[in-house]
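Each chain carries a letter (A, B, C and D) given by its place in the written order, and its residues are counted from 1.
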Amino acid sequence: MKTLNIGLIGYGFMGRAHSNAFRKAPNFFKLPYQPVLKAACGRDEAKVAAFATQWGYESFETDWRKLIARQDIDLVDIACPNDLHREIAMAAAKAGKMVTCEKPLSMDGAEGLKMVAAIEKAGVPNMVWYNYRRVPAVTLAKQLIEEGRLGRIFHYRAKFLQDWTISADLPQGGAGLWRLDVNVAGSGVTGDLLAHCIDTALWLNGPIQTVNAMTETFVKQRKHSLTGKVEKVGIDDACAFLARFQNGSLATFESTRYARGHKALYTFEINGEHASIAWDLHDLHRLQYFDHRDEGRVRGWRNLHITDGDHPYMDKWWVPGLQIGYEHSFVHQFADFVQGLGEGTPASPTFREALATQYVCDAVLKSGSTQRWQKVKQVQDKK
Amino acid sequence: MKTLNIGLIGYGFMGRAHSNAFRKAPNFFKLPYQPVLKAACGRDEAKVAAFATQWGYESFETDWRKLIARQDIDLVDIACPNDLHREIAMAAAKAGKMVTCEKPLSMDGAEGLKMVAAIEKAGVPNMVWYNYRRVPAVTLAKQLIEEGRLGRIFHYRAKFLQDWTISADLPQGGAGLWRLDVNVAGSGVTGDLLAHCIDTALWLNGPIQTVNAMTETFVKQRKHSLTGKVEKVGIDDACAFLARFQNGSLATFESTRYARGHKALYTFEINGEHASIAWDLHDLHRLQYFDHRDEGRVRGWRNLHITDGDHPYMDKWWVPGLQIGYEHSFVHQFADFVQGLGEGTPASPTFREALATQYVCDAVLKSGSTQRWQKVKQVQDKK
Amino acid sequence: MKTLNIGLIGYGFMGRAHSNAFRKAPNFFKLPYQPVLKAACGRDEAKVAAFATQWGYESFETDWRKLIARQDIDLVDIACPNDLHREIAMAAAKAGKMVTCEKPLSMDGAEGLKMVAAIEKAGVPNMVWYNYRRVPAVTLAKQLIEEGRLGRIFHYRAKFLQDWTISADLPQGGAGLWRLDVNVAGSGVTGDLLAHCIDTALWLNGPIQTVNAMTETFVKQRKHSLTGKVEKVGIDDACAFLARFQNGSLATFESTRYARGHKALYTFEINGEHASIAWDLHDLHRLQYFDHRDEGRVRGWRNLHITDGDHPYMDKWWVPGLQIGYEHSFVHQFADFVQGLGEGTPASPTFREALATQYVCDAVLKSGSTQRWQKVKQVQDKK
Amino acid sequence: MKTLNIGLIGYGFMGRAHSNAFRKAPNFFKLPYQPVLKAACGRDEAKVAAFATQWGYESFETDWRKLIARQDIDLVDIACPNDLHREIAMAAAKAGKMVTCEKPLSMDGAEGLKMVAAIEKAGVPNMVWYNYRRVPAVTLAKQLIEEGRLGRIFHYRAKFLQDWTISADLPQGGAGLWRLDVNVAGSGVTGDLLAHCIDTALWLNGPIQTVNAMTETFVKQRKHSLTGKVEKVGIDDACAFLARFQNGSLATFESTRYARGHKALYTFEINGEHASIAWDLHDLHRLQYFDHRDEGRVRGWRNLHITDGDHPYMDKWWVPGLQIGYEHSFVHQFADFVQGLGEGTPASPTFREALATQYVCDAVLKSGSTQRWQKVKQVQDKK
């Protein structure tokens, strides 16, 4: 079998999630390429070396430019903070590598547009890790919608609630905390959490046309881990927005890191003329489905336990009744990407598709500061 | 409209529940008789007088024999402790009164058999307050089973869990605590709680043929409220039993007052060839329904919110989405009784029907002491 | 005991809910006045007569002015459509009657302000039936907040979802459908459903300062039941809005009658620094409570079954574990009103308090049409 | 690092689950030995070769005796049907290999006793894959009990419900269906499913002294896949039993493959004097905990989302809020085994510990046929 030599950049939370996907996919899926964990790259030599050992990478690098320059790398996987995505992705594309990039694609839409141009000019396979599309329950939601079961859509609502930054003593910046540093993250909950909600929404319900947002930074100043000084916090701690989709449906979106009691509660619900669907990340192996066409007396929300062989991806895992978890969404996404390589059909979302989410984020942040409805820039189809 | 003059005996928890039913039924149901709260009866004059005032009874008595002797009473309702059921019911029947009796019918099957004989000899309308049959979700379960939706039944499981007697300092006997005094209650959880589970089971799933029980009294001695002395506890604190139904299905039943965290958690589940049903008293306005004939990908337990107009009794109450509660089961039972009077069809369960539950309880308690399987005595059809 | 003679205007859904409260309250609460159902009033003589009989009213009227003119009426209860609230309330106040009025108080804030002026000039006891405050779980939420358990509040989110107007064949106007007729209802979901959400929010979380709304009418034209013609629909079918409270917390509110699968799903959640609370109307006897001060390993959302004697109002009902329902919120509100009469402390919300909700509704509707943030007019304290 | 060379026997469902554990453990845990997937063994050469390739085994064998004879194998892992456990385990022990064996340990207690003797005579590290002990929620339950939080235990109840054999057309025997063939499986649900419930119960609640069971075979005859003939079904399709633990608590256990709507619903609940715990396999990442010592008004079942860093094993995985699944219980068990090797403390359950479950199963099956209470044989401590 042909090999697919992978070079990973970044060994944090996402570096582990991606590596696990690279390793597990071939055990559970029949793939046209055999992934090889060729090299891991990070700035701290001791740490990247230990990471490479623990995850079975054949080698490591401390300079991402060197990694890209290596002839034995087919695919560059970007799992480092947001502020480096653009430069790395464009260099990798230029070097003719396939590129997979952790979300969000970029710091903003303008940056993302450049990345799309570069990657498409290079003509290399590419993908952004919006992994929640590949949670089997979410994929099933997509199937049900595409089959027309919901009919006309009236409402979409999504939220992503966390509670880990409530303490004002938490610093910003540096390892594990770069998501609080606007210069590294680009934005707060909008790019980190709402980006997931938006990507799923665009996928399931089509383009968003206009948005109206409210943003807030509850803790105005935090000590910066790198400078040691108390500095202004530039990110949005919370963001809620109203939206109108092209299909006429109305939406509410909300995200915060100040919702006590919720660790990673991403939820969405879609109400259609005939049926409704709801899902949440805290019980990601379930999908709630209501079908008005059921007989009245026994009509109710169906609590689907997404573990059966006829559910998306689930024939690859264990037996009915036995649940999978968070990490499997990455395995599925990587397996789909490799399958796509074999078949010539790129796995979604590509850089171009992921750019649409950046444009929504841009409009949301702009609306938050202008306090006005904003039109969302639309991504053109690839020529 | 003709009136139905009611004399209530007992002004405790059940006296209130029945009175509420008498008062509310005509507001929500079209009844062929107008209930009149004629007299309340209890031994403590001050208390029964206050009760009569609060609930709108026209008069009160302190001797139940006087109540029965009154010409202006049509219906004697028995809501006092178990040890008085027999004597009162038989006297009332002899006096030609209709009799409604709080469950359990009697202290044991032998006593119950005498009551049935007396009441049927007198030919008076009669009913036992097994109110849970009239929770709309439970009535719907009955409908679904009768329509054959479940197919062959394989399993029945029920439990009734409480936690109010865990403290060894709780006395037995006297007001509010007579359920711990075997001489007044007849038995512990078997007659108090399992009787409910058994009545529902017989109604939904047919006769029980054999049982095998385990009983336990965790706190062996308690101070008696009436004597002031520490006395042996004669009731069963907990009882679990295996059973086989005539239809070939297997069952487990369990009840206890030592299940920390559960106040009145009566639950049952029925597994049939094609479908399953589950219900619990802590969310009595819901019914869980699983139908294997649903399409595989969207097959799951349906969480039915039993508040729609096509659910049993619910067209009489508010609008869809708005739940009713515990007390409404009594309202329904009384309304059905009065409707039955008008139509000549007695409302179930009659004394004879309720006797079947006594026989199961007898077999359960006997099995608990003999540690053997016991055959359940069957009630004959009325000649 | 002194009597409280009640005259009810309107015999629809709310007429029944109020009547049930008048009848039940004295059975379960010790009240300083004995409510007497003196007269029911409605335009259709046959119907109001039947209603009076079924609910035990001593008499009936077909003209509300006559009812108000009667000397034997102490309290005028307004349970008719919104467009009549103002005229009736002001006439009743002028006649020196106590006035209780179904929500929303008025068609809009301007009308409401006049009503407040009139009622306060007359100096009569008054109350608006925002009944959800008296659901025991909601009252408990209020207690927990007032005790400071949540700490600084960051987020409030509420929604009220229904699905009964999805069919375009449903007419507007007339009996049972006046809520779709803007001339009778004043607005759509904003005044009908969001008014409930807003009232609870103001009570639990203090004043709302600014709002930003999106409204939609999905079905633009419907046949009018009274004219027989297809007419433009003037109400809002759906409304979502962002809000900022005076205490610095952010909020999202949403309501619709197009959320398939939800009959009356009113939900709210409050996230504070230390603790969070969530509630929903479909399981109104439960409250979800998360306390971050719990030990980490066993920290989780507590599913409170609000049926214990130390829960608000619950010592008046049955025993722990046994739930009450929707209608009890009206019983509680009426009992509190009558208690307030005895103690000289008016039960909330008074007309003045309910005016605050009208002002929020006004701002929401204005924002929906201007597509801008709107400042909310604040109600001044009574001089 | 020292290596641990593994030879796996069996490449079915459990062969995959174990292999996944061998591969993942070193990525997530710091282990004193590096596991090496040395050889996979199975009778069908083509299949075992494909399996070895897919899972990264260096080689394969078609005769388990050859595998055991290999010098380069340190650990023999038994993942084949029950009827081969004894012979393989004893041969592997004799050859001085470490042995890990899929549950149940043996066809019955007598066989198990021989295996224990052999393995202990050989003095080799050994373990039985009762994986559910290592679901983090279950491990947390163990911690809470050991800390004495529950106080005196009154009740234990467990069930394991499936629905995959309801169709009478399903054959018995052969690949994927050997669990229906009594000669291969030893018993039906008792050894397959109840064995899990019993192992957990013994671990959490101590020894079981007596049992009283009811067994049933609903489908009496099935075609045998290997012979092609309709043959008598020898297994128990369903089994329920009552039990008494040494600590005085009462228990009910139930298992079936005829509970429509449940795929792998293993549940247990423990009620203690002060607190209760409940868990189920369909949401294995949650634990329900009720503590009576909580303040009354806010006392309720706590729904613990077992994804935080202070929950057992969870600091090794992702971030709070992100769930793991079924397969991780095997990873944990293998990691514990390897840790135990390093520290000289064997991981539980050893063969000796797993024998206790066999003895309970024996008593259960005997009680099912004698219809009497049976005393459970106790495993002696290792001398």
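Keep this in mind: contacts are C-beta pairs under 8 Å (C-beta built on N, C-alpha and C of every residue); 3 or more make two chains touch, one makes a residue touch a chain.
As the structure is a computational prediction, the values presented were derived from the model and not from experiment.
On a Cα centroid basis, the chain most remote from chain D in this structure is C. Comparing chain pairs A-B and B-D by the number of C-beta pairs in contact, the larger count belongs to B-D. Averaging C-alpha coordinates per chain places the centre of chain A 55 Å away from that of chain B. Rounded to a whole number, the gap between the C-alpha centres of chain A and chain D is 36 angstrom.
Centre-to-centre spacing of chain B and chain D amounts to 42 Å, using the average Cα coordinate of each chain.
Residues of chain C in contact with at least two other chains: 262, 301, 305, 308. Residues of chain B touching chain C in their complex: 13, 16-17, 19-20, 23-24, 26-27, 54-56, 162, 164, 262-265, 281-285, 305, 307-308, 317-328.
Residue ranges of chain D in contact with chain B, taken from their complex: 154-155, 157, 159, 161, 163, 166, 212-214, 216, 218, 238, 240-242, 244, 250, 252, 254, 256, 258-262, 271-276, 290, 292, 301, 371-373. Of all residues in chain D, only 140, 143-144, 289, 291, 294, 296-305, 308, 310-311 touch chain C in the complex they form.
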